[in-house]
Structures are given as structure tokens and as C-alpha cells.
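Down below are the structures I want you to see.
One chain, chain A, links the two complexes that follow: it is found with chain B in the first and with chain C in the second.
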Partner chain A sequence: MDEKTNFSFETRAVGNVQVMALAGRFDAYTVEKARGWLEEATADVPAHIVVNLRDVTFVDSTALAALVQGMKRSRQRDGDLRLCQLQQKVRLIFELTRLDRAFEIYTGEDEAIQAFAH
Partner chain B sequence: MNQTDTIKLEVPAKHKYLNVVGACITSILERMEDIAESATVAYGVELAVHETCTNIVEHAYAGISGLIHMSITIEQSPKRLVIELKDNGRSFDPAKVPEPNLEESQVNGYGLFLMHQLMDRVDYYPQSGQNRWYLVKNLESRIAS
Partner chain C sequence: MLADIVAIQHDHLEALAHDWLAAGATAFCIWDAHNELLARWPLLANGATNGITPALTASVQVGNLTIGALGVSGLDSDRARVRLQAEANLLSQLAHLERDLNSMAAELIDTRDQLLALYNLTEATRHYVGIDETLERLAYETAKLVKAESAFLIVDLPQRPRLKAYYPSKMLDDETLTSCLGMMQASKQPFLSTRDTVSDDPPYRSLLLVPMQVRQSKTAVLGVMNKLGDDFMSPDVKMAKAIADYAGAQIENVLLFQASVEQTKLQTEMELAQQVQLHLLPRKPPHVAGLDLWAATKPASQVGGDFYDFIVTSDQPFAFAIGDISGKGMPAALLMAMTRTVLRTKLNAVPMPSPEDIIGLSNEELYDDFTEVSMFATVCLGQYFSETQTLVYANAGHSPVIYCPAQGKAALLEADGTAMGILPVSFSRNQTIQLHPGDVFLLGTDGLNEATNEQHEMFGYERLLALVAMLADKSAEEIAHGIYTAVREFGTGELQDDQTLLILKCVH
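The block that comes next holds the complex of A and B.
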């Protein structure tokens, strides 16, 4: 965790799936790193992305925009951006905007990764 | 008792400091007794006020330095939070902001919509030299079992 921003960002590859695990406040101040990584990751074909939000405590509309942009770009490249392990309070912004219907949301990271095999 | 308390906060209009606003609201609600689902309410109010401040940073000041003046009033009868935010930046016409189409996933355009969804009242008073947001959240008391 970067103590200055109260946000952390880790990425890894599992087979042909790119995983980004975030922690802390995901908002207009911290979004830039994640947005940049998503732009690069969604340049691949197919763009298989999993964003793990297990340790994310807050999501604002700017962070949401980065995720939607990533989802749209990955779907244009025969892939998808899937979310997993959302805290209940973080689900609120997805539910109000009905983006919980647009994203594929999984309870576990392994489940989200394995879903790309089907 | 019908006591009203007000807490005032002045923060630079920068994304960097908006976590301070959120922490303030959460801390106030933590100490309010007998509020139903206080953690959920606190998160929703924090998000609504955060979106208001983001609007001020990005549209009212738009890269120019300035301040956000916030006052949070806790009213007891009826129990509610009244939050006023003032800025000295450019004003805008909320009527010209289109509502998001919820049948399609949009990248932008959810900020004002979220504020209205999360609060019971959202008013905006554009004034020359000082714009004012007036937000109200009604707080339901926890029903004693």
C-alpha cells in the first residue's frame, strides 16, 4: 500500500489472463495508474482482463469510467474485463448505475480467470 | 432535545484532498446514535459529497486553484444531515446535463445522477462569484427490538 495515496496496484499474468488487483480508495486521485495499465492490457487480442477489487474500499465515478472504458476496449478485442470480490458497499455504485448488469462479476478470482477458458 | 450541530471544513479544490471530506462525513455518522444502517448511509453520503466535490474541482475550477467551503449540519428533529458546499468557480446549468442511459454502459455522465440517487435533496444555486450546493440526507432511526 502506498501510504501517500492509500491505494495499491498489483498486476500479474495467469496464462493469457491479465489480472489487476487493487486496494484502498479507487478514485479520481488514484485512477491514473490503473487507467494506463488497462489501456496497455486491452491492446492485446484477445484482451482477457480480471480486476480484483477485494481490498478496494471506495469507488467513485471516475474510477468506474476507467473500468467501463477497459470493458468496452477489451470486448472490441475479442475479450472481456471481468470483476471479482467486490465488497458489499462498493457494489452500490455498480447497482445504482446498473453497471452490475454490464460487467461480469465473480465472487472469486480463480472463478473469474477460469471463466475465460469456456 | 432538538440540538443542531454544524461542522465546517475548507479544503483546496484538488482531488488529492477529497478523502478528507469522506473521512469527515464517515466520522460524524459513526458517532450518531440510533441510525439505521449507518455504515451504508455513511458510504452513500460520502460518495454523493465526493461526486459533488469532483464536479467542483473539474468543472467549477477546471484546473484553477480554489477552495471548497463545506458545512455539515446535523439536525435532530427530523433527524437529517444538511450539507452545503460553496465554490467561487464557474457555474453551470444542471438542466443541460443529460441523464445517463441506464440501458447502455456509459463511460462518463454518472456523477450528477449518483448525487440525486444517494441524497434525498440536491439543489444547486449558481451565483456570480459563489455557487452553492445544498444536499440533504434524511436519517431513519433504528427501530428498537
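The block that comes next holds the complex of A and C.
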């Protein structure tokens, strides 16, 4: 964990779904690792990605751009990038920028993962 | 060596010989290691070379090496034997000292040569500032100084292509060069090889590798091949090491110089970009009937992607726009200029386009480019119809957009469409507000509400809304100054992101 930003980054695979769980401030200063992971994860076909934002306290436009890039890439590879467990203030960021219209957002991680089965 | 001593010490040896002859010896001779006669007393007639068959001999040695012998004929006593041996020992000692002196002199000459050579090397390479030309010159000078047929330098730096130079040309294949680097990385010691120790059929008689120290490099090596007319010896290794030390320092200097030039260049380019960007923004708001207008941007230290625009044309209503490109730096600055231009172009693309049309058409045009570079732009664009005091706007993911009716509460107007460049189709629709005198329509960028104080707390929308409501009865310019002051006093003083404001106040 980065002490200044409290940012941390964890990944796991559940079946054919790649999950990335982030925590802390997700911004221009912490985005690189997540961007790199997304690039690799979206190389698979189908690219099924879930990003869990449960412990993310802030998302800036650079981080949003990384998520958008991941979403576009995964859709190009017959998959999707889905978000789950957004805190209220992070959800507000998505609502104000209307990114909630671009992403599929789920309440729970299991729900987001299972949605790929349908 | 003994011949030299005999020549130099001839008088003393002759005195010894005469004493032997006076003591009854018939002859006294000195031979070298190959039994060649070096001196004989009594002297023979001119041209005669025959020596004697000595009754007594004593060998002259340096260490374990026999370098010659003394012989006496006509005497065979123990006393004479002891004396001859003592004189041979003295000559041995003399030869030993002579050898030490010679090697010290040779070393001194070597050192002097090396210093001179290094001075020449420094002179030859100090004015080079490009890394390739420096390496090439170092390879050439190395070959010259070590008197070798060929020389090369290789430097492996992280995240950069391998730096290499060969003189006169590349003589080893990449595989062998990589194994040379591997060897230097492992041992950090000079390595001298002859034909059969590196591979079966190398194109060289001998190869000398010396590691170089270049800060930040994983491995760096200086190699020389095929000493002219000879093999590499210990002085060559010393010379190559001295060159490698100098070359390492010189390469490091050039790399540091390059990095600082790059840095300065980048800094200048960034400053220029910032200047260009600021000049793209309108210097002052236009005069629009019924509106008090103000817009300004406070750029963060890095070039950002905020912009605002006022567009006044004779045949269309007054239009305004604010936008924020995701990310920072040159890419954001370039896309900002592009977005601004596309918006302006779309304003004239169809007859009387509405904000929704302009946003939609611009999104279509920009979508592929934004996708290509993984960026997006939030944009809010509006038109104001002075005759009817009607404001129509379309919002592509931009925030904050605030409407504060006169004497009323300020409200955040949420976007209905996502930012441009995210989805191929725009969901932004025309929104209409009937303005009344005293109403304030304010567009900002997230650098304002995301300004953070030392406790990592953000300025936030609530503070911004309260502030707008509080300042709403002032002029557009005063409202902007009031907001900038409040945000500056709240934050840490350092601008993390651009802060842009565009304010429309209905005056009549």
C-alpha cells in the first residue's frame, strides 16, 4: 500500500472473470499499475473484467480514462468491464459525469461476476 | 643481460682478472648462458675466440635462472674455488639489481605513456556531447592507444536500446557481444582470452574485455581485439582499465548532459504549449445583450486540458462552451485544441445547429481519436437567445454546472450524456432554462471542487453551491474572484489541476 495515497491494488481470477480490487485514491499518481493490469487482462478473449471499487475514496479523470479504456478494449474482445461496490462519493463522480450510462455498475462483486454467465 | 654488465663494469672485472693472473691463474673468462665467451684475460690476439678449459667454474644466477658463468684455469685450490664463487655471487647480485632497475624504468615509461595517452584521449573526446559520437570516438581512441586492430564499447541502460560503438567495424556477432556483457556483469574483472577459450572459431587472435562503470547502467564493457603484431600483455590490461575508467565517466557525463538538455527542452516546450493554450482562450468576454459574462482559467503547473470558448457569429445565437480533457500534459493540451476546433466547426456544419447537435456531431468526429489515445473530454456547450432570454445547453459529462436563480438556491445541473469520446453515440440532449434578471449560470471545472486542503479534504460541491448562492448578487467577475479566493484559501496553495470558470449572469 502506498502510504501517501493509501492506494492498494489486488487482483484475482474467479472462473474466467478477472477481478481487480482497488483501495484508496485512484488518480493520476496511482493509475499506472491498474492501467498495466487492465491492458494485460483485456488481451484475453472474451475479456471479462470486474473492477471492485469498494475501498476507493476518490477517482480522478485520468483514472476514469483508464477504466473507460479498459471498458472499450474488453468490449472489442467480446467482453466487458463492470464495476461494483462504489462508495457514495465515487458513485456521485460516475453520475455527474454520466459514466453510469457507459458502465454496467453492480452493487456486489458476486453479482457482477455472475452477470457474465448470462 | 650479463653482456651489458660486462660492458659497463669492464674495468672492475679486468682488475679482478689481473689479480687472478697475478695469483698464478693462466686465464679468467666470463661466459653467457649460451656458453658464448663474453670476456677473457689475458686478451687473445685480434679475431681469436677460443676460450679455455677451466679448472674452476662458478655460475651467475638471477633467481633460479642461470645467466652465465665465471671460469679460471691454472688454479685448483679450495681457496680459489671459494673466491671464484664469491665473485660469481657478486655478479649475480649486480644482475639482480640491474633487472629491478630495468623493470622499474619500464614501468615508469609505461605510466608516463599511459598518462600522455589518457591526456590525449581526454582532449579528443571532451568536446563531444552526443552519446553516439562520444562512443565512436572512444572506440577509435582505444584501438589507437592499446595498439589494437579493433575496439568496441557497449553500454546496457535500463529502458533504452543498447548503446554500442565499434572501430573500425563490428567484428563480433550479437551473441558473442552479449556473452561478453554477461561475463563482465558476473565478474567485474578484466578478461583476457586467446583464440580457443571463448568459442571454437572466433575472428580474433586475442580479446581483452574490461568492465566500465557507468551510473544507472546494468553493464558496460570496453573490448579490444588483436594487439598489433603481438599479444596483449599486462601493460595493455592496465591501459585498457585506465581508458575504461575515463570512458565510463565520460559516457556518464554525456548521458547526464543529454538528460538535462531533454529536461530543459521539455520544460520549454511545456511552457510554450501553455502559452499557446492560453492564447486559444478568448482574452475577454464579448458583449452580449442582457448578459454579464466572465471567464478565466488558472492553469496548474503542468499543461492541463481545460478550455472555455465564446463564439459570436452574425447569423447564430451567442454560444459558449467549457471543457476538460482527461489527463494532463501535452496529450491533453493537443486534444483540448482539437476539441475546441471541432466544436467551432460543427457550429457551422448544419444550419442553426442546437447544442445537442453540436455535441453529438463533435462526439462522432472525435470518438475514434479519443479512443485511440484512451482519453475523453467533458464538454458543456450552450446558446443564449437574447430576445427571449432563453438559455439552451447540452452537457456531455461535464461538472460542475450550476444554476442559481435570483434570490434562490444554487443547484447542480447533472449531465445527461457521458463525456465525449466514451460512447460512439451521444446521449446529451438540449436543456432549456428561462433566465430572469439576477439569475446566475456558472460552469466550472473539477479543479475547483476537487481542490484539496492539508487534511486531504476536498472543497466539494456543497461548499461551491453555498458560495455561488452567497455571491450571486455580485457581478460575474466578482463571483469568479470570490470563488477563486475561497478555493485558494481552502487549498494548500499548490494547484493540482486547472481551475476554470465561465459565468453568465442575466442582467436584464
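Methods note: the second predicted complex is superposed on the first by the 116 of 118 C-alpha atoms of A that agree within 3 Å, B and C clash if a C-alpha of one lies under 4 Å from a C-alpha of the other, contacts with A are read in each partner's own complex, and residues count from 1 in each chain.
To be clear about the criterion, a contact is a pair of C-beta atoms (placed from the backbone, for glycine too) under 8 Å apart; a residue touches a chain by one contact, two chains touch by 3 or more.
On a predicted model such as this, the values are computed, not experimentally measured, just so you know.
Superposition of the two structures on chain A shows chain C clashing with chain B.
Once chain A of one complex is fitted onto chain A of the other, the partner contacts of A:68 extend to both chain B and chain C.
Using the contact criterion defined above for the overlaid structures, shared-chain residue A:60 touches chain B and also reaches chain C. The partner of chain A that touches more of its residues, comparing chain B with chain C, is B. After overlaying the two complexes on the shared chain, residue contacts for A:16 are found with neither chain B nor chain C. Aligning on the C-alpha atoms of chain A brings chain C into conflict with chain B at a single listed stretch, 291-299, out of 39-47, 255-263, 291-299 or 381-389. The interface of chain A with chain B overlaps its interface with chain C at residues 28, 58, 60-62, 64-65, 68-69, 72, 96-99, 102. For chain A in complex with chain B, the touching residues are 6, 25, 27-29, 58, 60-62, 64-65, 68-69, 71-72, 89, 92-93, 96-99, 102.
Taken in their complex, chain C has these residues touching chain A: 324, 326-328, 371, 374-376, 378, 396-400, 412, 414-419, 422-423, 427, 446, 450, 458, 497. By the touch rule above, chain B contacts chain A in their complex via residues 15-16, 18-19, 22, 39-40, 43-44, 46-47, 50-51, 54, 57-58, 100, 102-103, 105-108, 110-111, 113-114, 117-118.
Interface of chain A with chain C (complex): residues 28, 58, 60-62, 64-66, 68-69, 72, 95-99, 101-102.
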